[in-house]
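Multiple structures follow.
After this come two complexes, each holding chain A, first together with chain B and then together with chain C.
Our next item is the complex of A and B:
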C-alpha cells in the first residue's frame, strides 16, 4: 500500500515504487483535513471564552504562515508586517462605518488592498536586502500608523473607532464567539493551503532559490522581481485578511494596538521556532507559542513575559533551525541529540 | 501501513471529539462561604504602573471587608476572594479574560485599568450577562452605547477639565478671558478636552485654540508653537503625567507664558509631577478624583483620612493616590450591591447597583441609568510649596487658590 498517487502521472499504468522512508504525497493533505476536522470537533468541547482564546491562536497561525511566505521561503525578513494587519483592519472599518458595506464584502476587499499596497511598495523595497529591507518595512508600518492616527475623520485617530455590530444600523451583525471561531479556523486553513500550494509549485522553488542565492536564481532565468512581489503580496493579503477579521471581532479598534510591533515580533518568533521556510513549521510554532504563552499568563501573573522570553531563547539556542527542520534532519541522520544539533549549527 | 493507521486514529479522535460534549459555562464558583470576583488588570505592559496601583486598591478593599468578617448575604458572611489575571495592558486580552472568567462562572468583575481596556471588557460583560464595577474607565463613550451592566465609581471624563474651568471661573481674580486647550489624542483625553472647552464657552471664556498631539509623546513643542501667538490667559492640558511635564518644560523653553497659568488634569496630583519640575510646577492646577479631604464615610473603610491611614499601614508608609482610592471604591460598590441584593446572582447585583446610593470615603456612590457616577464631584488641586493642595470645591479646600498661578 505504500505507493504514491504520483503513479498515475507516469501514464504507464504501473505503480512507481516510493523510496523507503519517503512519505506518500497524500499524507500532508490528509493530516491537514483531519486537523481542520479535529478543530471543528474541538469547538463543541469548548466554553465560549475558551473559543475566543483558540480563535486568537488561529489568527496567529494565519499571521505566522503569512510572514513565512516572505520571511521564510524568500528570506526577506519583513519587520513591518503588522502594517498590513492594521491596513486590512482599517480598510474594513472605513468600508463598514463610512461605506456601510457588509463585512463579507469589506473582508476580501481589505485583503486585496493590503496585497496591492504590498506589491506597490514591494517594487522599490524588495531591491533592498538584509537589515536594510527590515528597517525599511518597519518604517512603512510606522508610517501607516501615523497616517491612520492623523486622519481621525475617517479612522477615529488615537481615540479609536467602533464598527456598528448590533441593531438595525449594523451592516453585518457581530458573529459571536462561535462565528469568529469558524471564520478564523477557515482563514487559518486557507492560509496553510496557500502556503502548501506555493511551496510545491514553481513559485516555491523560485522563492527558495532566491533565498539561497538571488543572483544565481536570476542567472537561471527566474524572474526574481516577479516572484518576490508575488510572495510579498500573498503574505500581505493573508495578514490583511486576518487584520480585517480581527477588527470586526474586536468591534472597537485603536491604532496603537493594530500597529503594535509586538505582533510582528510574535510572527517572526513563531516562524523561527517552528521552522522557517516550511509549511508546517509556522503552524506548529504559532500553536506552541500561543499555548505556552496562554498557560504562563494564567499561572504566573507577573512573570509570564519574562518566562516566555527565557523559553524562546532556550528554544532558539537548542533548535536554531526550528522544530520541523530539526525533526527532519534528526530522522534523516538518526541523531536526535540536541547537543549535537547545537554543535552543528553553532555560529 | 503505519501512516494509514495513524491517519485513521487521528480521524477517529476528531470524529469522536466532534460528536460529543456540550458547551456552556460552569455553574458556580468559589466555595459556599466565598464571594468570588474576577479582575483583569494591567500587571505588565505599558500601563503596568497604574495597573499595580489599582490592584493595591482592590486588595485594600478585600482586606478591609474580610477583616470585618466578610460581606453579609442573607444569614451568611462571605469572604471576598479576588482572582487577578494580567491583560498585558491590551484591550483584546482584557476582553478575552472577561470571557474566561465567565467560563468559570465568575459573573462579578472588577474593571481593568484605563478607558480602552474597560471599553473592550464592557462589551463582553454585556453579552455574557456579567456585572462590572469600573474603577478607572472614565471615557463617556463607554456609557453611550446602551450598556446596562457596567457601573463606574469614578467621575466621568467630561468633568476632568470642566472642574478646573469651573474653579477658575469661581476663584480666579483677576478673571482670565481666554483659554487654549492642549490634548493628547487618545479617546479619554479628547473627551476631557472637548467637554472642558464646551464648559469654558458656556461660562463665557473665549477658547482660542484646541490642539492635539500624539498620546505618549515627549515633544509637544509644535502644539505650543501654534498656541503662542494667540496669547491665551490660561493653557489647559488634557494629559497624562509625562505629557503634562513636557508641556510645562517646553513652554518655558519656548517662552510661552500665559498670564493666568497652566492647568493640567491628572498630572499635578501625581507626586512625580512636582518632583520632576521643581519650582516650575508651582501654581499649576490639576484635577483629581479623590484626596484625603474628600467628605463621606462608610462602614468598611471609614473616612478619607481613615483610608489614607490604612493605605499607609498596608504599603510601607506610602501616601495613597486617587488610583488606589477609586479601585477600592469600585470594589466597595460591588460589596454594597451584593449585600443589598442579598444574593450573588449577577442580575440581582446589577439591579442593586443601579439603585445604589451610599456615602463612602470616596464620596457618594450613585449611578445614572447609563452607569456613570455624576453625584460625586471632582476636586481641583494646585501645587503650592511643592505639593498638591486641594483648592476646589470650597467645602473641601485645604487652602485658597493662588492666582495668577504662574509660580516664580
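Our next item is the complex of A and C:
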C-alpha cells in the first residue's frame, strides 16, 4: 500500500513554500488528556446501548492505532492483522478456561504472545514487500483461524467457547458495560500514547525512513530488520490486547468472528481515511467511520453498507493522503481546495 | 591493487598512509554476468579516488558492494581493518562508511532537516534525541549550502539542492569513508565547481572519498588517483593525467576509432 507520505512528492510546489508554524509541544498532550477526561465524563450521559457502541469505538481506535504502526509508519500493509486479534482472544480464553487464570493476568500475557508471534513470523515475512507481504500475512491469519478451529479440545472449535464469567467458577467476574467502557478507553488511550511516543522518538524516524526508502534508511545506519520487527511486535501487542479484552467482553467467542477479515479491512480503512503514518489520523479515522456507520445504521438501515462504501470511496478519492495529512499539507500550502488536492495526487 | 605510496600526497595535506577502505578481489556475479571482478583498492584517509568507466562498467555495483547493499560473490571489504565483507548496510554505516545514491533517495514525508537528522540519530556516534539531531542537521545543511531550507519538504528542492541533501545525509553520519555515486549528475556547470570545492574540502578534513562520476574533467580535478572500470574489471589505475591519456581508456569510452593510433 502506498502510504500518505509517499504521495507528498508529487506536490511540486505550485505555491511558494510557507514555513511550518511550530505548534507548542504541550498541545497534543493537552488535547489527548482533555479527550480522555471528556470520554470519562461522557460515560454517565450514555444509556447502555450507546455505552456499548462507544466501547466498540474505543476498541477500533486501538486496532487502527495498532495497524498504523506497521501499515502506516513503516509502510508494511499487514492484511492479516486480525490474526493477532484472534490470537490475543484465544490466548486469553485458553488461559482463563483451562488455566483458571485471572483476566488481569491473561490480558498482558495475550498481548505478549501476539507480539512474540508477530516477531517470529516477522523475521521471514518482513523481508517481503508490498503485495507479497500483504498476501503472506493474510495467509497467516487464515492459518491461525484453521488452527483454532481444529483444536476443539482447547478452543471449542467452530462451536465456540465460553469463558465462565459469573459465579464462583469464574476466574474473574465479568466487568459489566461500565467496566468494559473504562477498560477499552484505557486501552485506546495507552495505544495513542504509545503511538505518540514512538512517533516523536528515534524509532518513529527510523520507521518513517524505512517506509519511504529502505535502502537509504539502512545506508544511514538504521537496523531495518530490528526496527520493522519492533514495529510489527508493538502493533501485534496492541491488537492482541484488544482481542483479549474483546473475548472477555463477548464471553462466548467463535473463530469465524474473531478471525473475521472484515476487522482487518476496517482497520485499514480507518487508518487510510484518517491519515496513515500520523498519530491522530487513525484515531480520527476510527471515530469518523464509527460515527458515520452508526448514523447510517439508524437512518438508512437497508442502505447502510452500500452508503458507507460509497462514502469511503469518495473520501479516498478526495483525500487520498487521509484527513490529517490533507489538513497538514493544506495549512502548509495555504490551499484548502479538495479539487487541487486531487490534482496534486494525480488521480 | 594499488599501493598508496604510488600516489604523491596532495600538497598541504597530511595523510595517514594506512588505508581506511580496502577491497581485495571483489567480485559480483548476476547469474551469468560478471558485473564486478577482481577489484582491489586501498583508500587512505584524506585521499580521493575517482572511479570512471562507461555505462554498465560496474561502478555503481562496486559502491553497492562496499556499502553492503549488494553482497559480493567473492573477495573482501575491510573498513578501518575490520572485515565487513557481506555485512548489512547499517553495519557498514556504523563502521564509518557513508554513501550517496545515483538516484537521490530523500525521505519524502520528512522535512529536509529531518532527513538529515535521521542520519545523525542512527550513525556511528548517534545523537539520542530528535531535537539534538535537528541541531546537528542544521549545521550540516549550512555546510552543504542548504542553510535555511530545513523546513521544506524534499519535493520542493531543485535537482542541485536534492543532490546537496543527499550529501548532507551522508555527512551527518560523520563518516570516515564517503562513497559518492554520481553526485554531480544533473548539475548545471555553475553548480559543479562549488560542489567540487566542497568535496575537496571534505577530503582535506581527512575523509577518504571514492567518487563515481561521468564528468571526466571533474574527476581529474579533484582525484588523487583514478581507477577505470571496464566490463567490471580494473582497466587501469593511477594519477589522473596518466590514466586519462591512456589509449585503452579512450578506447573503452569512445571506441576503437577514436584512439590516437587510428586517428592519425
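One rule holds in what follows: the second predicted complex is superposed on the first by the 326 of 347 C-alpha atoms of A that agree within 3 Å, B and C clash if a C-alpha of one lies under 4 Å from a C-alpha of the other, contacts with A are read in each partner's own complex, and residues count from 1 in each chain.
By our rule, a residue touches a chain if its C-beta (ideal position, glycine included) is under 8 Å from a C-beta of that chain, and two chains touch if they have at least 3 such contacts.
Quantities reported herein were computed from a predicted structural model and do not represent experimental measurements.
Applying the stated contact rule after C-alpha superposition, one finds that A:200 touches chain C and leaves chain B untouched. Contacts of A:335 after superposition on the shared chain: neither chain B nor chain C is touched. In the superposition on chain A, A:100 makes contact with neither chain B nor chain C.
Of the two partner chains placed by superposition, only chain B is touched by A:23; chain C is not. In the superposed model, A:213 makes contact with chain C only, not with chain B. Set against each other, chain B and chain C touch different numbers of residues in chain A, with B touching more. Applying the stated contact rule after C-alpha superposition, one finds that A:53 touches chain B and leaves chain C untouched.
Against chain C, the residues of chain A that register as touching in their complex are 4-6, 8-13, 17, 19-20, 200-202, 205-206, 208-209, 211-213, 215-225, 277.
Partner chain A is touched in their complex by these residues of chain B: 1, 3-4, 7, 10-11, 13-26, 43-44, 84-86, 88, 90-92, 95-96, 98-103, 116, 119-120, 123, 128, 141, 145, 184-187, 190-191, 212, 214-215.
Against chain B, the residues of chain A that register as touching in their complex are 1-2, 23-24, 27, 30-31, 34, 37-38, 40-42, 44-50, 52-53, 56, 149, 152, 157-160, 162, 177, 246, 250-252, 254, 256-257, 260, 297-298, 301-302, 304-305.
In the complex of the two chains, the chain C residues touching chain A come out as 67-69, 88-90, 93-94, 98-99, 101, 105-111, 114, 117-119, 121-124, 126, 128-130, 151-156, 169, 172-173.
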